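First chain written, first letter: the chains are A, B and C, and each begins at residue 1.
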Amino acid sequence: MADLIQLLVAGVSIGAIYSMIALGFVLLWQTSNTINFAQGEFVVLPAFVMVFFHLILEWPFLPAFIATIVVSSFLLGWVVRKVLIARLLEQGLLPLIIATIGLALFIRYSLQVFWTPLGLYFPPVFPRVTIQLGSVSLPMEELLNLATAGLIIFAVHLFITRTKIGWGMQAIAQNRPLAAVLGIDVSRLVTLIFILNAALAAVAAILIAPIYLVKYDIGISLGLKAFYAAIIGGFNQIRGAFLGGLLVGVVETLSAAYISNEFRDGYALVILILVLMLKPEGIWGKKEEWA
Amino acid sequence: MTREGLLVRRFVPLLVLCALLVLPLGLEQYKLFVGSLVLVYVIAAIGLNLTLGYAGQISLAHAAFLAFGAYSVAILQPHGIPFELCLLIGAAISFVFGLLIGFPALRVKHHYLAMVTIGFTIIVFLCLRNFPAVTGGSFGIPGIERPDWGVVSFESDRAYYIYTLLWAVPALASAYWIKNSRWGRAFKSIRENEMRAEALGVSLRNYKLMAFAIGAAYAGVAGALFAPLLGYIDPPAFYIERSIQFLLIVVIGGLGRFEGPIIGSIVVVVLPEILRASQGLYLIIFALSIMLMMLFMPKGLIGLWDLFIERFAMPRDASRAHRAAE
Amino acid sequence: MALLEVETLSKHFYEYPALDGLSIEVREGEILGIIGPNGSGKTTLFNCISGTLHPSSGRVRLKGDDITGMSANQVFHRGLARTFQLIQIFPGMTVLENMLMAVQERDGTMLGRLLTREPARVKARAHELLDYLGIDFLHENLASNLSYGQQKLLDFGMALMSKPDVILLDEPLAGVNPTMIQNLVGHIKDLNAKGNTFVVIEHNMEVVMSLCERIIVLSQGQQIAEGMPDEVADNPLVLDAYFGR
């Protein structure tokens, strides 16, 4: 029993980080019809950037953290939006997908060739102590990761639902032409969403770096997990991305413990296929127009 | 279009194609290996071009269909079953699974469909890896033999190139036939305007299922030829990266255009070989080129050919309206 | 016998009744006009008949056969064709291909369509129809390169290709200039004289009054008037529906 609780906490903790990555992904899709195949790389790059500021330049944690967020938001938010996405949106879904695939490859192999193909160590962000609750030992790191990610997602939720800018974003997501006609600066808001996505991915990177190794190719599986989480949870609700991420984290952790290592991915997948067959809008999603 | 223009437009691609098909016979071993690889990719890409380019159904399951062909040969051939039969069995299995994938495709679109097809690829990959008794597990299957007809053996790279050609030509010819048939037109109508297509009697269900199944069958054939080319196969060769590679081939070459798979395969297979000297750099250059291409030439490299035709094969006053539809 | 009839047809979107117990019949050889203010259910009616939407309750009958709830392609096979409010053509295909596409699924088998080409007379008919509409010279052009008016004609021509028993036209004159209006109206009258049955949704009152022999007026999902153009024009209920209280 104690084992189960520990596993659940571990699952929810890593799941919350996946949720952050999935959240940005969903926001991008909703407001600009962008399926960002480079989302995983949007997490890997900030991890490397953090290594640069914190370990190489030896800046203290907080300045390094802020610098990383700023650099990532600029490069992966503003620059990508202006240079790549702006022109591609008119070309249709497929050129956009291919371009993000190109972007992913570009980031991934640039890191491999120009930095290092090896995995880099990243120091823990939170103290690695365990709390004892009766027979259950819970790592502080996991709890704090969960709390941090949870808080950030909640903050994004408040932002989207309580601020004017957030309402603008919702309007764009629901009816782009109408939003534009009503005077909402669609282009500016889409840029903001890209920056927000980059920032979310950067925070996720810093939380996840101590757990995974910082390596050029971890983006592949991270991106995929974000994709699963978004699809399973519901592509058109923040709540969906959040709960989807948690679900992926929990299923992954539980099946790693109880089922052989190799089929681990299989279980998340079976859920995915079932969801797509039975409730394609996602477990917590709302039915969209299909036509 | 001028008469000369029509000639240029029809025959130059054909000439180029023939040259490409015959050229490698004058080359040596490794280059013939690459040539065979290109042909294998072309066959598979033709399939994806049908599903995605003509019918507009996004599919990232192509690697799995390739796997069915490859593993059919690898598993059945040692039991004495002739290679050609193994190939047909592999193609049939791919066809059936293509139909299976087609069903979810009827209900979901775009990113959801992408996910279903990715999911399928991963499931197949995991199955290949986790049933070692049948598939050799993570180690794969070594020692796959090239066909031998008794009087002639296709063991050498040159001979195997010719053998691959023997399958590639019918593949191209059948694809050309489908494209020009009423099925080809129906596929395009689904891509262009699904709602109107249905209102005009098109059975979305039948045609979408066929688009997936036939596309998958081409990949199955390609997979069967792929196995003896490499001599051994293992699961990582059939993972998501492979599906993405085919997607890139089809889009870079020219989506929904007949020559697209040919151009794309040549670029994606041969370019890295040429750039091999630059080591890891070539992937970065490749990635950069992809992004640039999508920005400036989203229709694919075939766009260059179109520009050429427009510039030189059209009478001065012809309107843009005559640009070829495919 | 009515060629097409609709019996106590209702369509609800959640709570909202877009169609409410509507019963209409279309007689062979007529041009029936369907008018009514926006939101009265006209397009929803067409959608329920043509298979684009499934009715919540009621029946649809074509030539006596029950076609309620059939899919759009099945309804097409029974002999009903329609156009849509927004032009719905195949932009990436040529004009001729658009026309051929409009008839190829009508007869024959899937396998036949793979293995054989269509008979020459089908192509000839396509050219004939395009010529009748005055756009045959464009047959090799991509449909996306046509002007709005030309696309409207193509859209119209596509509905005619399969020789349907009844043709539903949803606002065929929307956004069309006066000359083209004359053009289209002339074609509809001419084809009607040759025996084709039309049901037309339109807002252009002048045209409706002169084109249609019989008019049905809808408001809020129900029929509020029916009769010849003059009767309907004077009907207080109709004026009320359009101009409000």
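Remarks
One rule holds in what follows: a contact is a pair of C-beta atoms (placed from the backbone, for glycine too) under 8 Å apart; a residue touches a chain by one contact, two chains touch by 3 or more.
All figures in this text were calculated on a predicted structure; none of them were measured in a lab.
Looking at subunit A and subunit C, the chains that touch each of them are B. Taking the mean of each chain's C-alpha atoms as its centre, the chain lying closest to the overall protein C-alpha centroid is B. Most remote chain with respect to subunit C, judged by CA-atom centres, is A. Subunit A and subunit C have Cα centroids separated by 48 Å. Subunit B and subunit C have CA centres that are 41 Å apart. With centres taken as mean Cα positions, subunit B sits 33 Å from subunit A. Each of residues 195 in subunit B touches at least two other chains. Those residues of subunit C whose C-beta lies close enough to touch subunit B in the complex are 50-52, 71-73, 76-77, 81-82, 84, 88-94, 97, 100-106, 110, 113-115, 117-118, 138, 140-142, 145, 158, 162.
Within the complex, the subunit A residues that touch subunit B are 29, 35, 84, 87-88, 91-99, 101-106, 109-110, 112-113, 220, 224, 227-228, 231, 235, 262-263, 265-266, 269, 272-273, 276-277, 280, 290-291.
Subunit B contributes residues 52, 58, 104, 107-112, 114-116, 118-119, 122-123, 126, 129-130, 195, 240, 244, 247-248, 251-252, 255, 279-281, 283-284, 286-291, 294-295, 298 to its touches with subunit A in the complex. Residues 178, 181-183, 185-186, 188-189, 191-193, 195-204, 206, 319-323, 325 of subunit B are the ones that touch subunit C when the two sit in their complex.
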